[in-house]
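Data first, discussion second: the structure below is written as structure tokens.
Chain lettering (A, B, C and D) follows the sequence in which the chains are written, and residue indices restart at 1 in each chain.
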Amino acid sequence: MGNNRFEIESLGSASIDNTIRKEDLPRFTSESDRIAFDPHLEGLKKYFSSGETPEGFEIAGPRQKIFFSPTRTKVAVVTCGGLCPGLNAVIRGIVMELWHRYGCRNIVGIPFGYQGLSAGAETELIELTPERVKNIHEEGGTILGSSRGSPPVSEMVDVLEKYNINILFTLGGDGTMRGANEIWQEIKKRGHKIAVVGIPKTIDNDILYVKRSFGFESAVERASEAVYAANAESEGVMNGIGLVRLMGRDSGFIAATVTLSTGRVNFCLIPEIKFRLDGPGGLLELLKARLEKRHHAVIVVAEGAGQDLCQHQNSEHDASGNIKFGDVGHFLKERIACYFKEIGMPISLKYIDPSYIIRANPPNTADKLLCARFAQNAVHAAMAGKTAMLIGYWHGQMTHVPFSAVIGQKQKINPSGEMYFNIIETTGQPAKIGV
Amino acid sequence: MGNNRFEIESLGSASIDNTIRKEDLPRFTSESDRIAFDPHLEGLKKYFSSGETPEGFEIAGPRQKIFFSPTRTKVAVVTCGGLCPGLNAVIRGIVMELWHRYGCRNIVGIPFGYQGLSAGAETELIELTPERVKNIHEEGGTILGSSRGSPPVSEMVDVLEKYNINILFTLGGDGTMRGANEIWQEIKKRGHKIAVVGIPKTIDNDILYVKRSFGFESAVERASEAVYAANAESEGVMNGIGLVRLMGRDSGFIAATVTLSTGRVNFCLIPEIKFRLDGPGGLLELLKARLEKRHHAVIVVAEGAGQDLCQHQNSEHDASGNIKFGDVGHFLKERIACYFKEIGMPISLKYIDPSYIIRANPPNTADKLLCARFAQNAVHAAMAGKTAMLIGYWHGQMTHVPFSAVIGQKQKINPSGEMYFNIIETTGQPAKIGV
Amino acid sequence: MGNNRFEIESLGSASIDNTIRKEDLPRFTSESDRIAFDPHLEGLKKYFSSGETPEGFEIAGPRQKIFFSPTRTKVAVVTCGGLCPGLNAVIRGIVMELWHRYGCRNIVGIPFGYQGLSAGAETELIELTPERVKNIHEEGGTILGSSRGSPPVSEMVDVLEKYNINILFTLGGDGTMRGANEIWQEIKKRGHKIAVVGIPKTIDNDILYVKRSFGFESAVERASEAVYAANAESEGVMNGIGLVRLMGRDSGFIAATVTLSTGRVNFCLIPEIKFRLDGPGGLLELLKARLEKRHHAVIVVAEGAGQDLCQHQNSEHDASGNIKFGDVGHFLKERIACYFKEIGMPISLKYIDPSYIIRANPPNTADKLLCARFAQNAVHAAMAGKTAMLIGYWHGQMTHVPFSAVIGQKQKINPSGEMYFNIIETTGQPAKIGV
Amino acid sequence: MGNNRFEIESLGSASIDNTIRKEDLPRFTSESDRIAFDPHLEGLKKYFSSGETPEGFEIAGPRQKIFFSPTRTKVAVVTCGGLCPGLNAVIRGIVMELWHRYGCRNIVGIPFGYQGLSAGAETELIELTPERVKNIHEEGGTILGSSRGSPPVSEMVDVLEKYNINILFTLGGDGTMRGANEIWQEIKKRGHKIAVVGIPKTIDNDILYVKRSFGFESAVERASEAVYAANAESEGVMNGIGLVRLMGRDSGFIAATVTLSTGRVNFCLIPEIKFRLDGPGGLLELLKARLEKRHHAVIVVAEGAGQDLCQHQNSEHDASGNIKFGDVGHFLKERIACYFKEIGMPISLKYIDPSYIIRANPPNTADKLLCARFAQNAVHAAMAGKTAMLIGYWHGQMTHVPFSAVIGQKQKINPSGEMYFNIIETTGQPAKIGV
């Protein structure tokens, strides 16, 4: 398919028969088939009628021929960045698939994220077996530990070589995938045959080409409890305001979904849509009008919303390379308090930040299943010698997506689309708040 | 698009401006675009290169022009068949969308399913307002009541006419959609302009072209508690067997999903795959081997599994026209008890049937959102004058699907596909049990 | 205190200093103090004024002097009878207390209940350490396994001797305590110094002198979900009846508590109060009247209710020596169906039996705490050389209760007391149903 | 009983027959009986042998003779202070008992706490009927609204008179009971016959003579989720510290109970026990040692702990008259961060404050039952003409407690008792931290 931006790299020709038995799986996944990136027929017609092939993703699944000889392959798993419901379920899925389906017996966990790949790392590799992982899918957190940031890439590859790792599975978000790509580039430069396959972990649901990331629904489920609490608090006093800060650095999916499913939110502020506090039609004026009419209000704000209002002059970065955000929750809390004090209207504001409770939670049943599917397909891809890719989820299908296609970009809520339209309706807020 | 089997009928030309404001929704959904039924590029290429247009679904969403004048339109909602988490959330969504978005003020609920459309129905129509429905999405059941079966179709249409209903929303499964189609055919015969739009309700997730039906994930979440209980019971005694019967008449999605997400099931029996009890490689022999090795076992069986083994000679039908099934749960319970008694191996079998607890449950957060989307898009379709259709869910997109395309068929687990393959792996059961 | 029926037996004089440090616990529990059985002052006055000492319980807690030398003591734990939320939490509590507080290093679990003490038991003793038990309080079931019935008592004592057990903790109900008492009598006869201390396990909350048994509140929490489901099902159809069968052989505490806390039950049937089905004022007539007025009804029945109506002629016993009960749930289901068929009134009855889901559940937080307290105080008692006793819970205080005081009797709901009075009010049912 | 500090005031002689029927309740509660304050027999013996009557509480329950004529009685309910799970369940219980048992038809809610009794209150009284309250026990918050502080007492009594209120039920904590007592003193001074009966509301469980207050167990259940999250976060990174701030101004019951039931806490800091941060044996040193050994730690701190360390010089008071506390959570967070920065040991601290999520939660099943019992017995007391009292809970019995006995004092954890002893054991922390 030539210069398709979704083309997947490979370590070489896969010539070993897959260990999966014909009676268990009659059909292997074809190497050549693709799933349309955009399945709308009008667009597809234009492509085909002009002789082009539309963009599409490689379809994930077990291949008839594999690259690695399972019994001689050593596999490492690393979890990076913040917690997300389902990390342990993915680890379990990888181990179970490698062990029971392919017969790998040499699986290790890298302790504490990429930092565990530093030359001087004190903690030892963690041996992973079915016995060790069989029940971990029911627990929050990650049994491997995590971290932000990473040692120099050459150091990490040195360590991978030192331990004779053949496959590295990286669980993480955008920053982690950037790191994984750098690791792969270094491996490639050295001419080694180490597969690097990512599994997208983003509680914000903001990785491109991953329609629904694992842990997202579990996060939303728990976040909705905070909204119900905010609602009860706001109704429990005269002019009560419940303010809930939720995760969502670049994308407001959690805030939006909770707003739509609870039906208890009056203002939903997300990173994709700018808003103003002051002046006519600004948030403060709208809030005042709401209180005068109904005596209580619930505001949900994603952590990345209103950054133009609250961010510090000299932006710092955290160890993962993310810009340190201004705390929009505390900013709103203080500005709202100030405003109502000035206009002499007594309010009672309750501020709720449930982030850690949400992200350290075990996955729900639907997410456990999704974790298993991400894990299984990552294993199929790596065993087939695919590399520099992560597992995507598109049109309900697991896919292969090259690192290069996702790094540095984010999946976002479309301000002209159905979801934001529904937020406007559910909340009653105007499409534009003071802007 | 000519004779496309997914073509949607319409009451006539939609000539009224949609009441949705441009500033809230910049883009209406195009009437002409379609989403590919099968998004695989190889197949699509074949179609287009031979000059054909591949099959595709109309995309759901608000139309620029609508058929009904909102303030003069009377809308009825009816819920049919068994309970499913989210029924109330759909009712709420329909009322909220009609009221707030289109300005309809005349919305009624038909009490107790199609039976509420009988000439002699004693219960009165239920007035539906935002005040009445605002919190019902958090409750299980249906505030309208439901029933199985229906009065004669002409009688139902008489009643719809008597009450001057312009739009009828029917929430139900395959049987309900068949009924809705018959109602529509009668309306059409009489030359009336009543839109009949269905919202697919199936806890089994077995309606065609609806990848994930509302309530399904909530059902799976609750069903998994029964599996954990069965597991604890089975491990709590020597040779303990936990047997869980779950919903799933024609399709084993609940049983399969619970099996995959809990990882605690040793035998998963679904309607799509026949099995044998007796003889070499039969379930009883496999169960014996499992107990000898591990001293406990968990079996999950969908209600429609093994019907060739347990169904009564003269099959009866229930009021919805469904064949009355043999009770495979009790059948297995007795046959297993018998077998181990005969071979003199003491066991302790605990039988769990959580069906009503599962289906009467409130929806989880993800399902509440899905309910809202089904409801909103059903309203958009009906207001635009679409009829004889239900809302589908395909590639993450809400779609229009004609009744004719789904009636009498079922969405099922593919015995050669990924899901069944994963069941074999997770359980350790063979692909074929005694057959 | 002489012939007090609550006098506790002891293995001999406790002469070893307790290993608990003074700085951790300034005050040990006095051996001589008692807590009044009946704290009403009028009654107490009568006792004291006539020179008698009122009955009272020994107070549980750590003693300054203990009987067993911790490092030389071997301790066994056994779990008997049906599952109950919190069994694992009690096991954990015992191990943690013995290990960390007293320094015992020799703790074993007997597999599969008293059956694990049979001469020919195939399964080995289970070594119990803090590492093994640290997280088990969050799991349902019992890691030791359980069983009903027991081998001959002499055989069990032989096994205890063979393994050099010094302390035996038995977790179970009335039958288990009877067995524990027989084991103790045999030990005593043989002149051995083995302490036998019971921890009362009864999901029905029916053990005398144990106001609230562990697992009871967790059971009620989960049982209430079945009642909400029954309510949704009953309201979801015309003349819907939701019938829920709950645990409660001799005592209706679960049924009663669920009735009072949900407020959704119309008829609550418990073993303590007889009722009639037929005739004027009988259940069927009352149910008919309810349906005619409100069109739906919820019935909760404890498994031991109505046994005079449904029990089989020749009562069988199960392995624990309990009379095999007639299945009052199915009995009611059939009799109700029959009655309404005869009088030509269509109903829709949904029958829910959530027993296994309830009892295999993990404990809630309040129960986890209670489990810890039972466990800790059982260890204190046994280390002090107390025997032939169980831990009671009275006036919020952990106590010592001799086996002899509880065996063969049950804690029940007082038909003239507050709880039953409140059931009448909450349900609206008459104090007497057809009797 | 003369000058017993637990003597209950009364509006006058109760001469009206109770409306409760003999067939529903065979035995009314005796006016003369008392339940021993301290049920230990040694102490009781001393009292009786010296001719004294030991202190005891009046027993709550329905009286044979009542003071108010139900059909002529107007009843008001007010909820004050912060939210607590179960407020709505108590309101429901009061209304149901008054309506169904006594036949009162005139019940109102005071909106927004004592502020709703101000002369110029704009919001109207809320009519309370069974229809209005029947399902509110399942919701968090309070349908009446609440507030802190109060208008002048004479103004409040003016309003009560203006509305012809005969009975005032006040739901609140220590401050609310102080207010209720002042209202009562003013009523008495004016020679009116208005009963003032309190229902103790304290999520901290800190009201004297109320062993377990409603909402406490629900709070603990939810709080434990924060501890599990903190644990997952702390284990998820190298040298992770999870710091959870919980409610508990004067008493650490929530923090202590969560510590004991989860078994995941390493340091539990409560108001009853002072601690030091710095120096040998101080918290920081202990924390460092813990991290060096285990690489992660969980700290739970009650909001009132360490106030000697973090409170501001010039203590402010809130509207309820409570001293404004220094924020010990943020204080610890900053001091810990500082300390480890200074000693050059990298840590990752996650701070969780789940307070609003905990207190706005619906009650669990056990609490719903407790709410009903508090409510019912408050109604019995008030109808019998009792006043200036609240409902207590002692030895599992509902009691009457005069306002005077509880105001200005708190129920606390005994530093020499079982609970703190168990905390030491469970956490492994020393009995004294740096003091």
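In the analysis below, contacts are C-beta pairs under 8 Å (C-beta built on N, C-alpha and C of every residue); 3 or more make two chains touch, one makes a residue touch a chain.
Because the structure is a prediction, the values reported are computed rather than measured.
Counting only chains that touch, the fewest steps needed to get from chain A to chain C is 2.
In terms of the stated touch criterion, chain C and chain D have no partners in common. Chain centre most remote from that of chain C: A (centre = mean of CA atoms).
Chain B and chain C, compared by their mean Cα positions, are separated by 42 Å. Centres computed as Cα averages put chain B at a distance of 47 Å from chain D. Averaged C-alpha coordinates give centres for chain A and chain B that are 29 Å from one another.
None of the residues of chain A touches two or more other chains. Viewed as a contact network, the protein chains form a single closed ring in which every chain touches exactly two others. Working note: touching chain pairs come out as A-B, A-D, B-C, C-D.
Residue ranges of chain A in contact with chain D, taken from their complex: 83, 112, 115, 123, 139-142, 145-147, 225-226, 228-233, 235-238, 242, 350-354, 356-357, 359-361. Of all residues in chain B, only 23-27, 32-36, 39-42, 44-45, 48-49, 53-54, 56, 59, 61, 92, 96-97, 100-101, 134, 137, 211, 217, 220-221, 224, 257-258, 260-263, 364-366, 368-369, 372-373, 376, 395-396, 416-418, 421-422, 424-426, 430-432 touch chain A in the complex they form.
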